[in-house]
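Structures incoming, each one as structure tokens.
Both of the next two complexes hold chain A, though its partner changes from chain B to chain C.
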Partner chain A sequence: MKLAFNLAYKNLIGAGLRTWLNVGVLSFAFVLIIFYNGMIDGWNRQGREDTKAWEVAHGQFWHPEYDRLDVFTIIDAHQEITGTAAEYVSAGKLVPILLRQATIYPQGRMQGVLLKGIPHQQAVLELPTSVLQYNENAVAALIGHRMAKAAGLKVNDRLLIRWRDKNGTFDAIELRIAAIFSCDVPSVDNGQIYIDFDQMQKMVGLNNHATLLVKGTEEEIELSNWDFKNINVLLKELDDIIESKKAGGIVLQAVLLLIALLAIFDTQVLSVFRRQKEIGTYIALGLTRQQVVGIFTVEGGAHSFLAALVGAVYGIPFFLWLDTVGISFGNVDVGITIAEKIYPYYSIGLIFTSILLIVISATIVSYIPARKISGMNPTEALKGKLQ
Partner chain B sequence: MKYIISTSIALIIVSAILAQSPAEIMQRIDDNMSADNRVIESSMTIHGRRNSRTITSISYSVGNEKSFTEYLSPAREKGTKMLKLDDRLWTYYPANDRTVQISGHMLRQSVMGSDLSYEDMMDDRKLTDVYSAEIEGDEQVEGRQMIILKLTAKVDDAAYYSRKLWVDKEYYLPVKEELYAKSGQLLKRTILSDFKKIEGRWYPMKLNFKDVLKQGKGTDWEIISIKFNTDIPEYLFSKAALKQ
Partner chain C sequence: MNNVVIDLKRLTKHFPVGNGKFTALSDINLSFSKGEFAGLVGPSGSGKTTLLNIIGSLDVPSEGSANVLGKSIAGLSQKQAAQLRNYHIGFIFQTYNLLPVYTVYENVEFALLLQNMTEGERRKAVMQALEWVGLTDKEKSKPSMLSGGECQRVAIARSMVKQPDIVLADEPTANLDSKNSHHILQTMQRLNEELGVTFIFSTHDEKVMQYLKRKISLADGRVVNDETVELIANR
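Entry: the complex of A and B
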């Protein structure tokens, strides 16, 4: 085996430019695979952390009738916070949120919104709700930057909001935009207005009622009449998007890898064709056909080791630089949780999987043309006759 | 002598009106506006920012529980039908042969881009069932004497907590109506005009609905023909009728 590696090394270095072209293409595929998957993993990690910080914390308890994908459920999906739930709410471990649909009229335009009542003193979510306690002249409201842009609103702007109370009677008051927050989670921002929980209860006539309770602690909490939704359920949409992006990336990576592997395959076919005398000599010297096949396979497979080394030479500084500056996507708003700057995340697992994938695939494509050697006539091969 | 007689008659009429209680005035408005059933062919003109468009329709309604509307023009809306049964509403779209139930927040959407929401169309209970009234005063509008009636909801589920009506003393129909939120915020205004006597009752043939919170000139609704208490086939008030 040592002989096989020595020969492989000498032959590869001896082949010069041909080897380095193969190694270059393979190393590019290697770096790209790690970069793409690192970027997706980085996006996933940031997306999950941001969604937890701004929206779901350690999970949510929903009213049994509430379905966030079905707005028709909002009107009836609320119940009184009693018993254990009330104790956890008092302790600040659960944050109650009451939802209602409403209509705003910015600049004379009619726009449907989701009105959310949340305690101004809550400290579980990163929403700057403390601004909601100042309701002197008009009810203080908090909105996200997407909502502000969509409705053309600025801090201290006033706008009229109309809603229906628990009995269906229209009511309307003026809101004052107390603050505009900026976050990467569109599902806490788009089409939503936050007001103080107590204020909201007064407005709709639902005293001590909530639609959902956000769990702000890791400890196990069991509540009757509330359906618990864990992080995996709440982040399923983000996970699904990430999975689909990964699947899409596989096609690109596979094409690039195929090009690199095709180059190795061609090199191997050429080697077996041009180095028949050498093959005959190996057999004449007493090597079995399988050992000769092994030498050629190791030689082809060694491209992947060299590619890993070359990839490391320019890939590691590149990845370290990206980890410092991040990848900026600007202010694109595509309706999914995506940070303004993504910092790729390269796990040990990702790096080893990528190395293993390239080494195994390079070895396989090296072995396939080398199999021809086992069918060769050693005498003819020694004479250099075409077989 | 003639002067004395006419003055006396006028005084009797005025005192008769003044003697009427707000509830009686409201009842007379209901008598004019409500019917066991009615068939209305109408046109609705929606004023947009750049242009206006007119939609004609025919509506069959029984009390305030059941109604069936078919849009007749323009071509784009022709064949669209709406069925209301109690508090449920379905719309049939011929373009894709689909019937959609409208509920929840969609009821707050405007009908065909007008100043009327589906909820407004569905809530047509009698005033006397929902409100208690008081007279706020008299006013002269375009040379006609009006009673200003303030209505306050006496039931919990009234869509509008209070209303203000300018009631014509001759026709017992409001010429203007303002709808208020619980907070006192004015939400909508309706102007009624062109009163005609149809089958023994006065009825406004032109209405302008305006969501005062929204920009624009509102929505004009003009009645082309109206029939009260006619025979309306029962099958119209079924979902099957939407696709016919």
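Entry: the complex of A and C
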């Protein structure tokens, strides 16, 4: 085996430009695969962290009838916070949120929104809810930058909001935009207005009621009459989208890898035909045909080792640089959590898997043409005759 | 008969050609003793190289038998044939067949890498082989930096380094000028005398014939003459 590696190394270096072209393409595939998957993993990590920080914390307890994908459930999905739940709410370990559909009229237009009542003193979510405590002339409201942009609202703008109370009666009040927050989680921003939880209860007449409770602690909490949704359930949409992005990326990576492997395959085919005399010499010197197949396979597979080294030479500085500056996506709104800047995440598993994938693929495509050697007639090979 | 290293009996070799077959060797009966310096001579297509290939276990007879060092060539597995070549048979080719990516030292060492030898033992054997052919100063050179004569001397060193029982040389001087040819032949003659290795040449070069102790003439795959000739080297 040492002989095979030694010979492979010398033959590869001896082949000069042909080797370096193959290695260059393969190393690019290496770097791109690691970069793309690192970016997706980085997006996933940041997305999960941001969503936890701004929306789901350590999970949520939902009213049994609440379905976040069905707006018709909102009107009835609320219940009184009693017993253990009330104790945890008092301790600040659960944050109650009461939901209501409402309509706003910015600049005379009508726009449906989701009104959310949340305690201004909560410290579980990143939402800057402390601004909601000042309700002197108008009810203080908090919106995200997406909502502000969609409705054309600025801080201190006032707007009319209309909703139905617990009896189904329409009511209206003037809101003052107390603050506009900026975050990467569209599901806490798009079409949503936050007001203080106490104010919300007064407006809808549902004293001490909540639609959901956000869990702000890692400790186990069991509440009857509330359905617990853990992080995995709440982040499933994000995970699904990222999985689909990963799957889409595989096509691109596969095409690139295929090009690189095709180059190795071509080189191997050429080698087996051009180096017949050499093959014959190996056999004459005492190697079996299978050993010669091994030498050629190792030689082809060694492209991937060289590619890993070359890829490391320019890939590591590139990845370290990206880790410092991140990849900016600006304020792109794609409807899912995506940071303005993604910092790719390169795990050992990712790097190891990528190397393994390429080394195995390169070895297989090297073996296929090399197999022909096992059927060669050594006397014809020594003459260099095409077989 | 204990000295016989190669014994060929009624050896015939056919090659398929289209729907028929071409007979390259027909009814060859020969034997070679240890330490012979023999040549298979004859025009192109007479079967010289085919016979060398069978003796070297690179090919098998279609009919008859070829026994080399007591082993029937036809009965050897690929691995056994490879071992026979690796330990007991050295090859010298017309076009040298050196590995271009290896240095002179590594080319000579290659044959030993398949044997269970320590690095020190290998180094000693390689340096000795290079000394035999007068190339100790070229051990780090690549074949591309050597003349044709030097390349062939490296090939001789490679074939001799494992101290084989038999060396098969296929047209070893065909690509060399007269001076280099004589130098090569004298080297091989000296190794034959000093080490008792059996040399069998395939040639139609008159210069080689001057050195042969036994000349076997082939024509159309048959032995037409087998005679011991007077040594006329160094004249």
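One rule holds in what follows: the second predicted complex is superposed on the first by the 387 of 387 C-alpha atoms of A that agree within 3 Å, B and C clash if a C-alpha of one lies under 4 Å from a C-alpha of the other, contacts with A are read in each partner's own complex, and residues count from 1 in each chain.
The criterion applied here is as follows: a residue touches a chain if its C-beta (ideal position, glycine included) is under 8 Å from a C-beta of that chain, and two chains touch if they have at least 3 such contacts.
Since the model is a prediction, treat every value here as computed from it, not as a measurement.
Asker: Evaluate whether chain B and chain C can sit on chain A together after superposition, giving fit or clash.
Answerer: On the superposed model, which is not a single observed complex, chain B and chain C fit side by side.
Asker: Rounded to the nearest 10 degrees, how wide is the angle at the Cα centre of chain A between the Cα centres of chain B and chain C?
Answerer: One gets 150 degrees for this angle.
Asker: Looking at A:Tyr105 after the superposition, I want to know if it touches chain B, chain C, both of them or none. Which is it: first, second, both, neither?
Answerer: Only chain B is touched by A:Tyr105; chain C is not.
Asker: Touch test for A:Thr169: chain B only (first), chain C only (second), both, or neither?
Answerer: Once the two structures are laid over each other on A, A:Thr169 reaches chain B alone.
Asker: With the two complexes superposed on chain A, say which partner A:Ala284 touches: chain B (first), chain C (second), both, or neither.
Answerer: The answer is second: A:Ala284 touches chain C but not chain B.
Asker: Is A:Asn11 touching anything from chain B or chain C once the two structures are fitted on A? First, second, both or neither.
Answerer: Second partner only.
Asker: Just checking: does A:Thr379 make contact with chain B only, chain C only, both, or neither of them? Give me first, second, both or neither.
Answerer: second
Asker: So if I take every C-alpha atom in chain B and every one in chain C after superposing, what is the smallest distance between them in Å?
Answerer: Closest C-alpha pair between chain B and chain C: 73 Å.
Asker: What residues of chain A sit close enough to touch chain C in their complex?
Answerer: Answer in residue numbers: 3, 7, 10-11, 13-14, 277-278, 280-281, 283-291, 377-379, 382.
Asker: If you look only at chain C, which of its residues touch chain A in the complex?
Answerer: Residues of chain C touching chain A: 49-50, 53, 56, 58-59, 78-79, 82-83, 85-87, 91, 93, 95, 97, 99-102, 110-111, 113-114, 158.
Asker: Can you list the chain B residues touching chain A in their complex?
Answerer: Its residues touching chain A are 103-105, 108-110, 153, 156-161, 179, 181-183, 185, 187, 211, 213-216.
Asker: Can you list the chain A residues touching chain B in their complex?
Answerer: It comes out as residues 71-72, 74-75, 101, 103, 105, 107-110, 112, 160, 162, 164-165, 167-173.
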